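Have a look at this one.
When the chains are written out, they are named A, B, C and D in that same order, and each has its own residue count from 1.
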């Protein structure tokens, strides 16, 4: 489930009433919450949860761009898997390629529900000015990139 | 602790998809958002919006207790009116009596949808320790309370 | 983790950015989301998730009353445990006693963050009129009550 | 498919605690809520609120694509203006160009906070299959498009 040093990180989610709307499906903005939970758990798997990052390095991540395609609706009680893959590493930003899948279940094969490209910038938490990626994170990304 | 028979403050709201759930009605936690918007606008009407309060006095309000009865469901597109009345003033807290009404419209008479008692505490924003009500707020509550 | 036939049901949760507010703590309405996730998982553990309940019996649950005390703030990245215990069984409603705890971790002992009493009514999904508890649920609650 | 150079619709918003996160700014997914409120009010201004649309024509709109750039953070208490302009009309979809501005105030000139392209599809509410745009809406878009 948690492949940190692999290419793709996966995180399981469940759809609750809070996520849905009167159209009977998950409200479109809430897919972005699911994607963010997955990115946060990716960081946590690197031992860099947001609180620790802030305390130790004074930075936080803010989203600069989000482009999302909604292919099939997620529904109440669906078991989902969100994925995150670092598609691009900049000096002060990361771009994630993310997907949301409905889990294979009694209902059959897994289905791709949504895809997104999300660019997050690393900023100084005091003034939101751009800040270089924390060294531990940059090192972890290099390690992952190196031949095994 | 002193009980004040406060005036009622009213704030208009509209129900959007974001507020509803797959049951076709407003999700229960979102009524608390509506009540909080109304309390915030009450503060703003006293020229004490949260940002100014924090900057000038270093305090913020946090909710300590919320008791809510949900009488009738609010639905997508409903025009609502939230009300707030200060029911009790403590040294470091305020208790609000609040209601949520569906506005009278083509559909007929206004309907009471929900009622709540919400106790908020004034706290020092740095450590969340109890703090006395800001003087300007206490003064405003006294003025309002005085015989006309 | 999932004690269905015991007295208390427990569900683990994590606090993400989406749950917090500019006060630096979890927004008060979001505790109700946490409590609802726990009630839903309790139902699912009885093999009665909301979707199945609706499809097989035509009913859904709506919250009629919620009373919550907020004792200590939950914060970003906190690992939480929500609990649910059926405190009262009516013909067409259930009352839950629920708690939210910060998990014991490096930070020490678990801490009680919030407590709530939540009354949910069973309603016909077509018109929201009161409906008796589904037989399977009533039976499950009786079984649980019986001496072992 | 026809490109229309639509007029711009504007909708005022206020930032509340519910919209912000522990980073001290509006949570990124919530900008999409603001944009959706503006699109809904645009529909309502055409006398086509979602409830009426559903009742009279059996359709609803679902978002298929959302691409958003977050330029400057919105903060607690900010007075915002969301805009919506129909950028493209398809047989069963509409593409909106939307912006979010911080209102000019004591703080000076208005500032562009976010920009988005949002494609919404018209679907049959029963099965979410693509459906042609309601005639009244198509007519309203043509009227607006015609030379004055």
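One rule holds in what follows: a contact is a pair of C-beta atoms (placed from the backbone, for glycine too) under 8 Å apart; a residue touches a chain by one contact, two chains touch by 3 or more.
Source: prediction; values computed, not measured.
Visitor: Where centres are the averaged C-alpha coordinates, which chain has the largest centre distance to chain B?
Guide: The most distant chain relative to chain B turns out to be A.
Visitor: If I rank A-C and A-B by number of C-beta contact pairs, which comes first?
Guide: If we tally the contacting C-beta pairs, A-C comes out ahead.
Visitor: So, what's the distance in Å between the C-alpha centres of chain C and chain A?
Guide: 27
Visitor: Determine the centre-to-centre distance between chain A and chain D, using the mean Cα coordinates as centres, and give it in whole Å.
Guide: 25
Visitor: Counting in whole Å, what is the centre-to-centre distance of chain A and chain B, each centre being its mean C-alpha position?
Guide: A distance of 35 Å separates the two centres.
Visitor: Can you list the residues of chain C that touch 2 or more other chains?
Guide: 17-18, 23, 25, 29, 33, 36, 75-76
Visitor: Can you list the residues on chain D that touch chain B in the complex?
Guide: Touching chain B: residues 14, 16-18, 33, 36-37, 40, 44, 49-52, 75-77 of chain D.
Visitor: What does chain C use to touch chain D in their complex?
Guide: On the chain C side, the touching residues are 17-18, 20-25, 27, 29, 75-76.
Visitor: For the complex, give me every residue of chain A touching chain D.
Guide: Contact set of chain A toward chain D: 23, 25, 28-30, 32-33, 36, 60, 62-70, 73, 125, 128.
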